[in-house]
Structure formats: structure tokens, C-alpha cells
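Below, chain A partners chain B and then partners chain C, in two separate complexes.
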Partner chain A sequence: MIDIEIHKTLGSSVGSLKLQIETSLVQGSFTTIFGVSGSGKTSMLRILAGLLALEKGKITFNDNVWLDTSRNINLKPQQRKIGFVFQDYALFPNMTVRENLLYACAKNSDRKIIDELIEIMELRDLQNRKSEMLSGGQKQRVAIARALVNKPLLLMLDEPLAALDISLRRKLQDYLLEIHKQYKLTTLMVSHDASEIIKMSERVLVLDQGIISKDLTPVELFSSGEVSGKFKFSGELIEIVKQDFVTILSILIGNDLIKVVADEEEIEGLRIGDKVLVASKAFNPIIKKID
Partner chain B sequence: MNKVEGKIKTIQVQAKLSLLTVEVDTILIEVVVIDTPETSTYLKVGCPIQLMFKEIEVIIGKGNERSNSLENKINGTLKSIQHGDLFSKIIVATAIGELTSIISFHMAIELELKPEDKIMAMIKSTDIMLSA
Partner chain C sequence: MMDYAPLILTFKLSLITTGFLLILSIPLAYWLAYTKSGIKPVVETLVSMPLVLPPTVLGFYLLVSFSPSNSFGAWLNETFGLSLLFSFEGLVFASILYSLPFMVQPIQSGFSGLSPSLKEAAYVLGKSKWNTLINVLLPNMKSSLLTGIVLAFAHTIGEFGLVLMIGGNIPGKTKVASIAIYDEVEALNYGLANHYSLILFAITFTILLLVYLTNGGYLKRFWK
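Up next is the complex of A and B:
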């Protein structure tokens, strides 16, 4: 569990903003911070990373105190076990992929993880290439791998994929989910992209003028208003089969595969792997006792 | 999915169920939901609401036959019809806007449906979903 208490006054071009955040992140969870520009999202990440000082606050990761202003404790960024990925990749252009990863690796640490990350992020064929020779998507894969070389507990992603096109973004989302699971990371991401947020995260904190105004699930945030249907589930779209004027969607809800008939307009923009809300009135289902 | 906007005109509550009438233009649509004003804040007289029902739930009748139990009967004119192998897709122009219905192909043939036909579009009150 990461417990966060932040009080900080931020100066900006349009006046000052009081950042007042109190929340907890469950270990292993994937949370998105959502909000308009200037609501304090990036500042929150920078404070967690130890890159921005604050007036009053406390940050603990399980029993480790990273920051406690009342006791004058303030660990340096490198002591906090965090990984950070930004929108710009900030790689050393004249170093190779492998050199970039080695450079980021703390002294005396186990270098085996570099080979492991090169495998997971599919960088094997690129590892001896200078990073200036890579495409945007390849550079971001290296930047993600670099953020993980020191086995962080908390991974922070500040709009990491915003500069990439949609197909590349989907692919990198899969890489991020893979490493999130594999390394049992607690991940905090800033994003504005609804499909990305629904696909990646289980919780959204909406930041509004420096405070958390909503704490909810992605489906709750992006469902168009309240739907009265009493059968409401979120699941993953597995298959789309078109037939006449209707389409049969197979959706995995928990361990159960269900099929739903949808019309052309409903499936617009839907793709396999998307998370979807399934809602129905409660008048049709039948109930049978299972022996 | 068919979506029409209306305003709640009346609410009749019975235990956990509510029977609403929703005014869409001048037409009243009846909806039954497993919700009450206590469980859903948007169940208020005068509250704007969206009604949603799937194409497959819109029943098509020819002429002006009203002797059946379907609560919502809306007169209209058949605007277009497309045939597939199993289904036919029908668009009906009504006072509450265009409604789309998907019925079986053989029934479309049996009823000899064609553009300009006078049509009754019918929806059960328990098939309509609400969105605030």
C-alpha cells in the first residue's frame, strides 16, 4: 500500500494552485490520473518521485517512509524505488539501446534484468543500435525498459504514449500491461485517452484544481450517464462476427464467455481486446438452480 | 440501438418497480424499470431522459391494428427496407423520430412490407432502458 498525503502550493501563469491530495494506492494496482491541463497531475507524480519539494506531506510505501515533513524525512529520488516514463524519451542519442539500459542500472545491482527486459520489450534485434537511429515507438520501448532496470516498486507514466499513433499506442499498451503484471508493479499513469484508460487501469482519480474530485472505475467515468439496466457487467471483447444486419459479439466476463447481439452503430470503433460495458434490462433472464 | 429523448411525465411506484410515462414530443411512452425515485436520482417528474431500445425489440404491425398487449404503439410510415438472408432492416418515420426495426426476412415478405406503407411500431414497456 502506498499512502499519499500532499499539500503544496503551485505557482502558475494563471495564479496559484493548491495541491491537496490524500489517497492510497493498493500494491499491484493500475491507477490513472485524469484531469484537464493545470490540474496538478504532473506535479503529483513529480512529488511522489521526489523531484519537487513540498510544504507539508507524508508518503509511505508499506513501512518505508519516503517523505514525512513533520519528521524531516525526504528520501532522494534514487532511494525511492520508482520508475518514471515521460512523453519524451530522454535517451542518450549516441549510446546504444543496451548502453542506455546499463547506464541507468544502479551500481552493484543484478544486470540479468537487462536481458530480461530486452526480451520482454522485444529489443533484442535493436540492442546494439544507437538510440538516435530508432523510431518513436522503439525509443519509447527502450524508455519503458530503462524505467524498470532498477526494479521499481512504483512505476509512473506521464502521458507516455501520447506522441505515438494509434496502432503503435495499442501495441505499447500491451507491453506496459505485460510488465505491470510480470513485475507486480504499482502503476500510476497520467492519460487523457478513454480507450487507453479503460484498457489499462482499474481505477481513475479525477484531479480538479489540485484535489481529487472523483475516485471511480474507468467504466463508471466513461459510461454515458447512468444506465438503468440491472444487468451490468464489464468484460473484454473476444470476437466480432457480422451477420446480416446484426453482429454477434463474444465477450469474456470473468471466466464466462457470453454472446451479445449488437447492431451496426453499437459496434462502431469497437476492436477485439477492448473493455466494454454490457447492460440489459432484468426482465428477460431466466433462473435455474444449479445442482 | 434506437435512442429518443423525452421528459418524465408521471411515475407510479410499486415496491421496487416504477411505471413511468415519458413524453416524447406529443407521444407518451410507457416504461417499467426496477428502480424507484429513492434508488435513482433521475427518476423525477420533469427530468429529461433518454430512452434506449434495440432494433430487434421493435415489433412491426401493418395498418392500425391495436388489439394486442404491447404498451407502446407508434404510428408511422415505412421509409426504407433492406433484406438480408435471415433478417430485414426497416426504418419507420414516426412522430418521435425515425425508428429502426430488425425483423425476420420471411415475415417481411409475408407482410409484403414496402416503402410508404402505414406501419405501427410497437415496443414493450419492459424492453426500454433509460439513460440520464
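Up next is the complex of A and C:
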């Protein structure tokens, strides 16, 4: 169990933000932090990692006190046994992929894990390349592998997959999930992507202006509970085309554009760019496997 | 007949000065790059002063403070048996001050140019500050280090006013090449002055060219 209590005033370009967070994470859980930019997500991770000092707070990992400002305890990042995946990957350019992992490996610890991680992350063919010669997705895999070399108590990922294209992102999500389970990690991830959050995490903390405004499951967050439809998606309204008697709405759901027939009553008050819910009751969808 | 002693002395002085400067500048540049202390602007200004100050000003104050009739000079002499005036040791000390910005500034911008997450990533992986400096930061700013080393070295070769002020003109001890050139011109030995000058010109040109070739990646391409 990780108990977190953070009070910190952050100076930002739009004024100061008061970060006030009180929560706890269950060991072995996968939690996502969600929120608009500037809401304090990255700062929260950096405080947990010990990279950002704070005025008042307490962080304990089981019986281990990482930080307690009232008792003047503040463990350095080096002493916290965490894994951190930075937004810009932060691979060491002077080292090859394998050397990055070797350097990360604590002295006198078992090096077998390096080969294991190289295997899981499919880095065998890349292991002797300098990190600068890698693509974004490859760097990401190395960064995750490197963060895991010392079997961290807490793995933190700061929007790790944001810069990658969809298919690569799916694959890395699978890698991450596999590793999360295999190494029984407690994982905390910052993400903006609804499908990613639903797929990966058991719990979402919504940060708003430095405060946890919601603490719920991903499904609760992304479906509004009003419609009792069996079949529902949320999407963005792209186009409204009026034809003789009906109106056709084009809605972007994920990466797919669908067209839906709507009547006058439904389109009232709808504008392009609105977030809409597409739901249907009492019909049997056809499910077909693709690719 | 050309005497090679001034040239050898010049390179000895430059080499020793550069060595001391490197050891001194890495921690200083590290501090300047990462500190949030309020005295940083003052330290930065002091480090940069030799860039704009006439060497004679620096030389004058060193002359006064090294003088055995001065309490600092007397203390140095009594405690360490060091007499920095008109001696090679004095030249090394003065050159270190004089070439400090040429070493510190490239290294400082080298540190600032590295992504902060590089350092943080190493800390999170359990690496100490020292370990991170040696294994992560310095290896990723080799071109800044090279620039600093070469500029400091070349700048020390080019020293004249400062040496004249506190070194004097003692053959084999403080008579460096730039002084020798001045000497020969005064004695109307233009031929000899030209020899010294050409050698200095050729060597400094080669050194600087090598730096630009290396930092521009030309050498790597050539060797491939």
C-alpha cells in the first residue's frame, strides 16, 4: 500500500497551482492519472519519485517512509526503488540499448533479468545499437525495460505512449500489461487516451486544478450512466448533412468514422465538434474478427 | 639561430594550465549550470571578466598581490615557499585565471544543453551524483569538453600582456613564445620573429581546425 499526502504550490505560466493530493494505491494495482494539461499530473509523479521537493506531505510505501516533512525525512530518488519512464524517454545516448540496461542494473544484482527483458520487449536485434539510432517506439520499449531492471516497487509512466501511432501503441500496451502482471508491479501512468485507460487500468484518478476531483473505474469515467443502452460509444460530431426527410450525422469514434441517421428532435442543439453518445438498444450486433 | 626553448615553454605552460583548468572548470560549470543560488550572476560575471578586461589590469593586480612586500605574497612565500612573481608557477596561476571563461563557458553550456531528464533518469535508477556525472553527463557532452580544452589551450598560447606583467622575460623560466617574438622585433631580428610567429600560427590553426572537424563530424565521415 502506498499512502500519499501532497501539498505543494506549483508556479506555472498561467499562475500558481495548489497541488493537494491525498490518496493511496493498492500494491499490484494499475492506476491512471487523467486530467487536462497543467492540472499537476507530471508534478505528482515527480514528487513521488523524489525529483521535486515539496512544502508539506507524507509518502509511505508499506512501512517504508519515503517522505515525511513533519519528521524531516525525504528519501532521495536513488533510495526509493522506483521505475520512471520519462516523456522524452531519457535514454543515455552514449550507450547502446544493452549498455543502457546494464548501467541501470544495480551492483551485485542478478543480470539474468536483462536478457529476460530484452526477450519480452523484443529488443534482441536492437541491443547493440546506440539509442539515438532507434525509432520512437523502439526507444519507448528500451525506456520501459530500463525502468524495470531493478524490479521497482512502483513503476511510473509519464504519458509513455502519447507520441506513438495507434498500432504501435496497442502493441506497447500489451507489453506493459504483460510486464505489470509478470513482475507484480504497482503501476501509475499518466494518460489522455480513453481506450488506453480502459484497456490498462483498474482505477482512474482525475486531477483537476491540482485536486483529485474523481476517483473511479475507467468504465465509470467514460460512460455517462444516463442511457441504459446495451451498446454505446462516445464520439465526436464531425458533420451534419440534412437530406429530404432525415439528417445524417458523421461521428468519429476512435479512429472510425460512422454515419448515423438522426431525426429533427435529436439534432436540436447539436453542433459540430460536440461530444456525443451513440447508443442502441435491443438489436444484435454482428461481431467479426478483423486482420 | 632560433632558440626552441620559448616554444617548448609555451606549450608546457598551455598544457599544465589546461589540465588544471579542466579539473577546476567541471565542478564550477556544473554548479553554474544547475544552481538556483542568488550569487550565480556574480560568479558568472567574475568568471567572464577576463574576456573583457585588458590582460594588463589582471596582471597589475596579480603583480601587486604576489609581491613579497604585500601580506598575501609574504604569506605565500612563508607558508609554501612559493614566490609567484617572475616564476613559472606564477604564470600557471595567472593563466588559469586568464583562460577560465574559455574553459568554463563551453562546459557550462554543455551541461545546460543536456535534457534534465537524463540526470533524473540516472538518479531514479539509483546512481549517485558523481556516478551520473562520470557515466552519463560528461560522455554526452564530449564536444563541449573538447571545445573548452582547445580554446583554453589556444588562448594560453596567445597570452602576452599578462605574462609581460608578472612573468617578465627570464629565458627558460618565463620567456614564452609571444614574448620571444616581441623581443626579436625589438632587436630588429624580423626573420626570427617571423619563424616564431609562423610556428605559432600553424600550430594554433591546426588545433582549431581539428576541433571544428571533429565537432562537425567530418572526421568520422572521413574514416568510414
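We adopt the following convention: the second predicted complex is superposed on the first by the 224 of 291 C-alpha atoms of A that agree within 3 Å, B and C clash if a C-alpha of one lies under 4 Å from a C-alpha of the other, contacts with A are read in each partner's own complex, and residues count from 1 in each chain.
Please note the rule applied: a residue touches a chain if its C-beta (ideal position, glycine included) is under 8 Å from a C-beta of that chain, and two chains touch if they have at least 3 such contacts.
All figures in this text were calculated on a predicted structure; none of them were measured in a lab.
Engineer: Could you tell me if A:Arg146 is touching chain B, chain C, both of them or neither one (first, second, both, neither)?
Structural biologist: Second partner only, chain C.
Engineer: One more residue to check, A:Asn108. First (chain B), second (chain C), both or neither?
Structural biologist: So A:Asn108 meets neither chain B nor chain C here.
Engineer: Look at A:Glu265 in the shared chain and tell me whether it touches chain B only, chain C only, both, or neither; answer first, second, both or neither.
Structural biologist: After superposing on A, A:Glu265 lies in contact with chain B but is clear of chain C.
Engineer: Does chain A have more residues touched by chain B or by chain C?
Structural biologist: C
Engineer: Touch test for A:Ser167: chain B only (first), chain C only (second), both, or neither?
Structural biologist: The answer is neither, since A:Ser167 touches no partner chain.
Engineer: Is A:Ser16 touching the first partner chain B, the second partner chain C, both, or neither of them?
Structural biologist: A:Ser16 contacts neither chain B nor chain C.
Engineer: Is A:Lys281 in contact with chain B, with chain C, with both, or with neither (first, second, both, neither)?
Structural biologist: The first partner, chain B, only.
Engineer: Go through the superposed model and pick first if A:Val246 touches only chain B, second if only chain C, both, or neither.
Structural biologist: first
Engineer: Quick check on the output: what are the common chain A residues between the chain B footprint and the chain C footprint?
Structural biologist: none
Engineer: State the interface residues of chain A toward chain C in the complex, per the touch definition above.
Structural biologist: My answer: residues 49, 51, 76-84, 86-88, 90, 92-94, 103-104, 106, 146-147, 149-150.
Engineer: Which residues of chain A touch chain B once you look at their complex with the stated criterion?
Structural biologist: Within the complex, chain A touches chain B at residues 224-230, 243-246, 261, 263, 265-266, 279-283.
Engineer: Can you name the residues of chain C that touch chain A in the complex?
Structural biologist: These residues of chain C touch chain A: 115, 117-118, 120-128, 135-136, 139-140.
Engineer: Name, in rising order, each residue of chain B that touches chain A in their complex.
Structural biologist: Residue list for chain B touching chain A: 1, 32-35, 40, 42, 50, 52, 54-56, 82, 84-89, 100, 102, 126-132.
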